[in-house]
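Across the two complexes that follow, chain A remains constant while its partner is chain B and subsequently chain C.
What follows is the complex of A and B.
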């Protein structure tokens, strides 16, 4: 195994662990283990079963898949597990971003106009963000490995 | 060409032309020669997509993917239909512009025609007005149409990407316990859009037993996209609980039906295609066909449904039914006796019935019970007609099961509420 794979292995293991922890925190906050959390630009409201319990479970399982495949990432079978784990995080993050877009296109309920102003639209994307959105750029590194290690060419 | 056959296969000969005779060895040599000249063999190399294709049918890795796919399905559904279309634009348009305009231009607010077509003259939103041209149009266009549109788009993407057969493989074991097999997931998911094509899709199941169980479960426990859309609007915080009750009922009563209904439940072989990118032309075609079908079939039912219910109100029929069934509604199901009206409307359109519930004062648990009751008590008239086409004996049996299930399950839900101290 080359040095690049070793470094990637450590990176994916750490990312998988953090992802699992954040998914678990999503679920615990929804259960009521603690109140809503805000930490820097990250926020977990935990007020909705669908978003925090179900979505948190998907993030948790995504982290578990990354961890399960990180021992031999040069192997196509193992790398596929890592990629699948990352795809689960992308799914939740993409849904969060899509929800933000959908909520910010219309003007507020009280506003007389139908469409939001440009400033209002952009302002709607201000933090806090859900953990899946924060994890998104870090998991995109796995997409880089997919191309850099030639898996994309074979596909 | 002349062909001669002998009992001994090895001595079989083919006579070609007048003087050319090939024995079997020569024929195979000729085949080999032709194959060498025409076929070039490559080497198979497994790709990441092949491995991912395999991982998504194995339970350990496939179930997390199924959770994620279903999450995305409903998240996109809620964001597009709920937040963007209905709450973002249609509520504002209908409540702030269309309803006041209708109330202003329609003459004589005390007339019967006003009550039928515009509804309550004091209403400030289209849910409460309940006129054919106010609530009817709002429900059909403002709530149900965006829900059905996004549902069918997501469904078409799932179908064309190759994920649906994988989901069928994943749920095969569970569905076998309910007397069905993996492909029963197709009518189930279709039913979440509209029960009418879902009932037709039960024909992909092999035996009468499977088709009967599937049709009955669809009619009772699978809410359509229109109903889901209106549920998101009326009880957004309780949709999860309603779906949980329906899911539990789907599994439990499916299991019981598989034990009661005679017949077989054979194994199937599923051809799982590789993943591929959905073609835009196919998606557009499917979306147009299904959505236009919905507009043609459902919108008139919604408008006529509102008219019919308003006529029943004027005639005092709803009040009479409420009084007659009050003991069952109040003591057995634990819901207000006024729920009789929406239950009648549910036969025409279930989305309409849920919308009507929003005008009845009740607790959150009563609302959950009432919505579950509306879902399980009777299929809408369009589903009823399609079930009739599949066979009147099956329809009668399904209706019998349906009433028994609605009565028993409605009582159980009330009992759960009493035990939890919320009913």
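What follows is the complex of A and C.
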């Protein structure tokens, strides 16, 4: 195993752990351990079952897959677990971003007009963001590994 | 047969509960709205006081079952709004709260007694202060149902005033009900229906309609629409900068992804 793989292993392990924790927090907030929380640019509202309980479970399992495959990332079978874990996070993040886009197109409930203003549309993408959206750029590194290490050609 | 009897009994009990909850015979049930509870510290214990707690306490004191009558609702909203203004995100100590009301109604009076922990049957480690001081400056200390009913016979919307005081800093806020909240004939009808009991059926029905509308307005309107003294929070400007950064990064990533996939 080369140094690049070692570094990647540590990176993926850390990312998997953080992902698992954030997925668990999503679920705990939904259960009601605490009200909605905001931490820096991250926010967990915990108000919707599908998004926070189910979505949290998907993110948690994504983290678990990353952790389980991080021990030997040079091996395609192990790396596939890591890639699958990242794909779970991408799925939730994509849902969150799609929801943001859809929510920002119409104007607010009390506004007389139907469509949002341009400033309102852009402003709707301001923080806080769901954990999966924050994790998204970090998990894209796994896609880079997938191509850089030749797994894409192998598969 | 036994199952049917149980079912009928349960249905009757549910009907009785509805009547008790209404407190005003014939009144429609209160709308199901989520009002945040008032949070206070009683000693070291965090206590959450919801509108349902106050309705239950009012019902317990009057012996008529839980009731979200307009006075309970208005008292709750006044206390909630006043505490929010005076404490912001802080959670007050019960002993730090003083409420002065000029409104002699059992509902609001018992709200304030419950919040300050000064009411009968309350088991609190600490107590705040509650005073009922009428518009003419007379302090009422006899909170019996009979006496309050007697005093409340001639009240009007101008009596619906409350002062919430933060004892530790001396800060206070005066709240008066907005002019458009009570219908102009509400107190006349109330007197006829509840005090002198000489209302015609039409007047009783009109009072019932106004009673329900007032209660529902109290439950659903924002505090600044209910009370003079509360400013409407300024509308938040959209964070175009923050949103713009996210959108730019997102578009860059998507564009890069499309280019990479096309090249492959």
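The rule is simple: the second predicted complex is superposed on the first by the 154 of 155 C-alpha atoms of A that agree within 3 Å, B and C clash if a C-alpha of one lies under 4 Å from a C-alpha of the other, contacts with A are read in each partner's own complex, and residues count from 1 in each chain.
One rule holds for everything that comes next: a residue touches a chain if its C-beta (ideal position, glycine included) is under 8 Å from a C-beta of that chain, and two chains touch if they have at least 3 such contacts.
None of the values given here were measured: they were computed from a predicted structure.
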Three-chain arrangement built on chain A, chain B and chain C clash or fit: fit
Partner chain(s) touched by A:31 [first = chain B, second = chain C, both, neither]: neither
Chain B, chain C and vertex chain A (Cα centres) - angle in steps of 10°: 80
Chain A residues touched - chain C or chain B, whichever exceeds: B
Chain B versus chain C as contact partner of A:10, first or second or both or neither: neither
Touching partner for A:148 - first (chain B), second (chain C), both, neither: neither
Chain B versus chain C as contact partner of A:103, first or second or both or neither: first
Which superposed partner A:54 touches (first chain B, second chain C, both, neither): first
Minimum distance between Cα atoms of chain B and chain C in the superposition (Å): 6
Chain A positions touched by chain B in one structure and by chain C in the second: 152
Interface residues, chain A side, partner chain B - complex: 49-51, 54-55, 57-58, 61-62, 64-65, 76-77, 79-81, 83-84, 87-88, 91-92, 94-95, 98-99, 101-103, 105-106, 109, 112, 114, 146, 151-152, 154-155
Contact footprint of chain A on chain B as seen in their complex: 45-49, 51-52, 55-56, 61, 64-65, 67-69, 71-72, 74-76, 78-80, 83-84, 87-89, 92-93, 96, 240
In the complex, chain C residues that touch chain A: 237-244, 246-247, 249-250, 253, 260, 264
Complex contacts: residues of chain A adjacent to chain C: 97, 119-127, 129, 137, 140, 147, 152
